[in-house]
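I have a structure I would like to understand better, so I am pasting it below and will then ask my questions one at a time.
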Amino acid sequence: MIIQLEKEIAEEQKQRILQQIKEIQYKITEVHTQYGDYLIAIGKNEFDIRRFGHLPGIKDIHIVSDTYKLVSRKWKVQPTTIDLGDGVQIGEGSLAIMSGPCSIESEPQIRSMVNHLKENGVRIMRGGVFKPRSSPYTFRGMGIEGLQLFYEVCKANGIKIISEVMQVSQIEPMYPYVDVFQVGARNTQNFNLLDELGKVDKPVMIKRGISGSIDELLQSAEYVFSGGNEKILLCERGIRTYETASRNTLDLNAVPILKEKSHLPVIVDPSHGIGIRTYVEPMALAAVMAGADGIIYESHEKPEEAASDGQQTLNFAESAALIHKLRKTFELRQELKV
Amino acid sequence: MIIQLEKEIAEEQKQRILQQIKEIQYKITEVHTQYGDYLIAIGKNEFDIRRFGHLPGIKDIHIVSDTYKLVSRKWKVQPTTIDLGDGVQIGEGSLAIMSGPCSIESEPQIRSMVNHLKENGVRIMRGGVFKPRSSPYTFRGMGIEGLQLFYEVCKANGIKIISEVMQVSQIEPMYPYVDVFQVGARNTQNFNLLDELGKVDKPVMIKRGISGSIDELLQSAEYVFSGGNEKILLCERGIRTYETASRNTLDLNAVPILKEKSHLPVIVDPSHGIGIRTYVEPMALAAVMAGADGIIYESHEKPEEAASDGQQTLNFAESAALIHKLRKTFELRQELKV
Amino acid sequence: MIIQLEKEIAEEQKQRILQQIKEIQYKITEVHTQYGDYLIAIGKNEFDIRRFGHLPGIKDIHIVSDTYKLVSRKWKVQPTTIDLGDGVQIGEGSLAIMSGPCSIESEPQIRSMVNHLKENGVRIMRGGVFKPRSSPYTFRGMGIEGLQLFYEVCKANGIKIISEVMQVSQIEPMYPYVDVFQVGARNTQNFNLLDELGKVDKPVMIKRGISGSIDELLQSAEYVFSGGNEKILLCERGIRTYETASRNTLDLNAVPILKEKSHLPVIVDPSHGIGIRTYVEPMALAAVMAGADGIIYESHEKPEEAASDGQQTLNFAESAALIHKLRKTFELRQELKV
Amino acid sequence: MIIQLEKEIAEEQKQRILQQIKEIQYKITEVHTQYGDYLIAIGKNEFDIRRFGHLPGIKDIHIVSDTYKLVSRKWKVQPTTIDLGDGVQIGEGSLAIMSGPCSIESEPQIRSMVNHLKENGVRIMRGGVFKPRSSPYTFRGMGIEGLQLFYEVCKANGIKIISEVMQVSQIEPMYPYVDVFQVGARNTQNFNLLDELGKVDKPVMIKRGISGSIDELLQSAEYVFSGGNEKILLCERGIRTYETASRNTLDLNAVPILKEKSHLPVIVDPSHGIGIRTYVEPMALAAVMAGADGIIYESHEKPEEAASDGQQTLNFAESAALIHKLRKTFELRQELKV
């Protein structure tokens, strides 16, 4: 059960609600976010919800049977929109496009990318400065200095930044320089990191785990929400299966399922989802028709020279063509009311 | 190496070619189809292809390094179109729509479905009369009598039939009454069945195995082709993964990959691919943007009363809406030259 | 619900039982095997089993909630033993060892293998004459002539034969020459083949499908049993996962689970289960400790010259060592009452 | 290429070696552990290893083609033994047994467990105080106070402790109270955590990721080793597959493969590997025959009252029986020289 409290609830009123919950022997978690105060009550005894309905101080109340609660559409029917400021929004009714290199490499690289995005009306740039790499002997990213460089150029050009955070100690230094924290597929169940991102007032995009289930992704989002941060994006990026013809198996089934189970925006990453440059375009367009609220893909002025992931990265001509087609496809989806 | 022979090759010319292949110690398989005569030569020794180039009687020659040969796009660059007669064709440049119930149940059921298809301009109806079922105690289909009924109604209305064949002994009795033989996901590697379908001059649609790889699907198609039948359709219908939120994981990555690896048309089955009625529409439209040449989906006048698969079957209103949207989406794909 | 009928039941008694089942609106399947006559009644209405308990002509009756019925341990608590004649038995209380080449290649090959088995006291030889191969251009086995050769040598030496049957039309010609029909992993859900093997009075070993679930394997066994043949062996041979370091992932979890769910003997194939020669021994011994009733593995006088599967095949010295260790390990398992 | 340097190498000698590596344009990583100083040189140019062979200051040198280097058996052929002090060792030639509850709950719980272990001659106790849980609303462990309690009782009784560390900030507070840091399956690719554990002089046991490959596990071990810590244990604990009859699919194939690829000890966790109490025993014994150097399993005085994982936890009688059988099975393995 989720109880949303009135902002101006009196302490006495709150105590009375807590008392009632204790009487039905439910375990209570108090959640305070940027937008509201909630009581999450979990237990097994049956009870009559009307015993709560008349209590003063309650704004809203619902029984949510899912293992996740606040991110469930059973709690909040209206889709959530994430506002990045300066008119940049992510959510139903528009298609968010995020593009950029796998790794931030240099100032000239950032500048050429920013120009490419501006020319094509894209407002959000992706780029990693901390890179999770299977082998300890490979390039691990430019670090916080790279991020500052990234920020200066983007800030001056009205471009928002999404970048991956790998551990708790990076949150504070990264905070001034990112607009969206990205949690990578290897960290989807790094619960300490999720807890801490719950205390931050900036949006968090959580990628689905390498073999993570849809329910696990939603439970990871619940960590961030219950930690205090309602600004969450979900990202499908392909799962690990037996098939070796593609890097991962992009699970577009997850798009309509996530959209129905949760009120959060759903982003698709076709670059990691298929892992082969020439197939990124059809998979990106397919993701739009499946219902995605946004697409994040890798681009680079010279993919063949990229520090990482070059084989799945579009060059600027391919990227410009894709952006045009994404918009046309989204228009049709709106028109057809899919 | 594939060598296509001239139709009018002299026996002496052929012997000379065979002799040359033996000299490089390659194993030869002779293939005779509706359309041509081929020599498939497989071996490991390196050789100069020019030793064959000048030999009389050779129409075309290519080295194909894939494990599949005649179905490879390295052999035949032009996409294949399958002609069902009466103006019904499947292949690049058009979008084939096939719809109908999981199981044929009765004449009234067939009639109402045929009317629904005609009203919406659909020319191909699916419907099973032999049903592969995990448990021996469930409905196994109406059998050959059901198929005859199916045929009479469709024939009278200009509708083509696709229906599943489960074993060799069904091929002959089914032959007069089907336009496309369907090989189900549990029979993708039933090599005896594929061999025999190679001897038949009617199109065969092969579904990807429940956990079949893309390469295995192409090798299964190679069985039919090398058996003598070039009329083959490939079908992606979802694969088995750890995710339980959907019946299968529809692997749309397979669509652009199959299109590049092979010249055969690629069909997508979103009904089995996700297994949940309300999500069939977005996945079908996604499949079109991913590059599918056709969509096969389950429909029924009253899905809740269907003998099987009701939970993933569209009713007529949903089906009509989907058909309209499929065509609009295909138009956009053509326009955008995806 | 399963009702086993008395052998000498009067027709009138049987009709009375059928009438009672119809009254609770259950669907009835009559099953006649080598050993008994059964009524399988399936339905959803609740009823009091005592309404059947007093009816004359009933030998035994149980409610079995599994999707499989006659192969369930809820129906038959005592483990089943399969008798191959001449003192060769497979089942709890002993460890069956089956060994031999992937493919039967020649008479000298058979003779050397038979000698190897006799020297080591092994009574069952495996060997394929019909080979399921992904590519149509590879060796497909010696066929029925190879099997006759195989039979003559084995018969003269008191060795029993297990060999794979790939399609219905092979059952009759194979019948005189095999002691156990093997159904391969690609045919686990070839329901027509299973149906027909139900009509045969020789044991059938069913391999788990390439990505088959444990329940699906039991349902496939139910096909054979309900077709009329109670002589069934189950075989775990590795499943398809994302891991590529081994050919398959041998799922030894399946052994204790199958032993508890079913009364049928469970065999393990470590050769296909791991696919690498040097690891076959530890996996075979692990399978014994996990509870296997038998081990089937590939051996060859000269594995490096084998027509197929050489990389996972033991030579005679390795095979002899394994046989010794298998017996020692089985002795310990009996002693420890695992 | 790995170059191990002499302990007393002169700076000048080292510079000469570094210079030679730069000449072949290899990237160098310097590694300093408790036991040695290494240069890891990675590149693509071919070179003659003899150009290094004669250089003073080099203790050992090998080309290692694996993606992991220092943990590879190509570098170190002799198996590694991990010494926990007080005569407790883990490695080839003995079988390490580690047992205890999923979660530390109370002092009486710890005491009864310690008594159980002492009675059965087991020297290592497992127990979590930080619990990774999918849902934020469930019990997350007793924290560092629980660990202190755990330590006091164990210390007084000569029992060593293995406990899970979830994030970098827990390493320092946990350090005085654990003998082995455990990295859980959700953190196998938490590279920051692995980096930091490389700086610690206590053994680290790394569990295979939920869908981690064998190579990824070895690369994660390489992080710890190259960070400076050679004391590493590898743990197979089951992988995620489509099969739902067991909690995970215990991949015992991984045991002989890991033993051949790496010199590090391999531990198996049958409790998570199958997830069902009655099957833990056969899977634990199977793991020993497959070649495991140790077994870690969950036990509790009253599993039905355990705070977590009760369904896969043995009671003391079951645990005592298992310990006896593990030793008998290990004895046989040694005797048979598997």
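Order as written gives the chain letters A, B, C and D; numbering starts at 1 within each chain.
Just so we're on the same page, contacts are C-beta pairs under 8 Å (C-beta built on N, C-alpha and C of every residue); 3 or more make two chains touch, one makes a residue touch a chain.
As the structure is a computational prediction, the values presented were derived from the model and not from experiment.
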Between chain A and chain C, the fewest steps along chains that touch one another: 1
Most distant chain from chain A by Cα centroid: C
Euclidean distance of C-alpha centroids - chain B vs chain D, Å: 49
Distance between the centres, which are taken as Cα means, of chain C and chain B, whole angstrom: 33
For chain A paired with chain B, centre-to-centre distance based on mean C-alpha positions, whole Å: 38
Residue list for chain D, restricted to those that touch at least two other chains: 211, 240-242, 244
Parts of chain C lying in touch with chain B, wherever the complex brings them together: 27, 29, 40, 42, 67-69, 132-137, 166-169, 186-187, 189-193, 195, 209-211, 216, 219, 222-223, 226-227, 240
Chain D to chain C touching residues, read off their complex: 211, 213-215, 239, 241-246, 249-257, 260, 273-274, 276, 278-279, 281-283, 285-291, 325, 328-329, 332-333, 335-336, 338
Residues of chain A touching chain C in the complex: 211, 240-242, 244
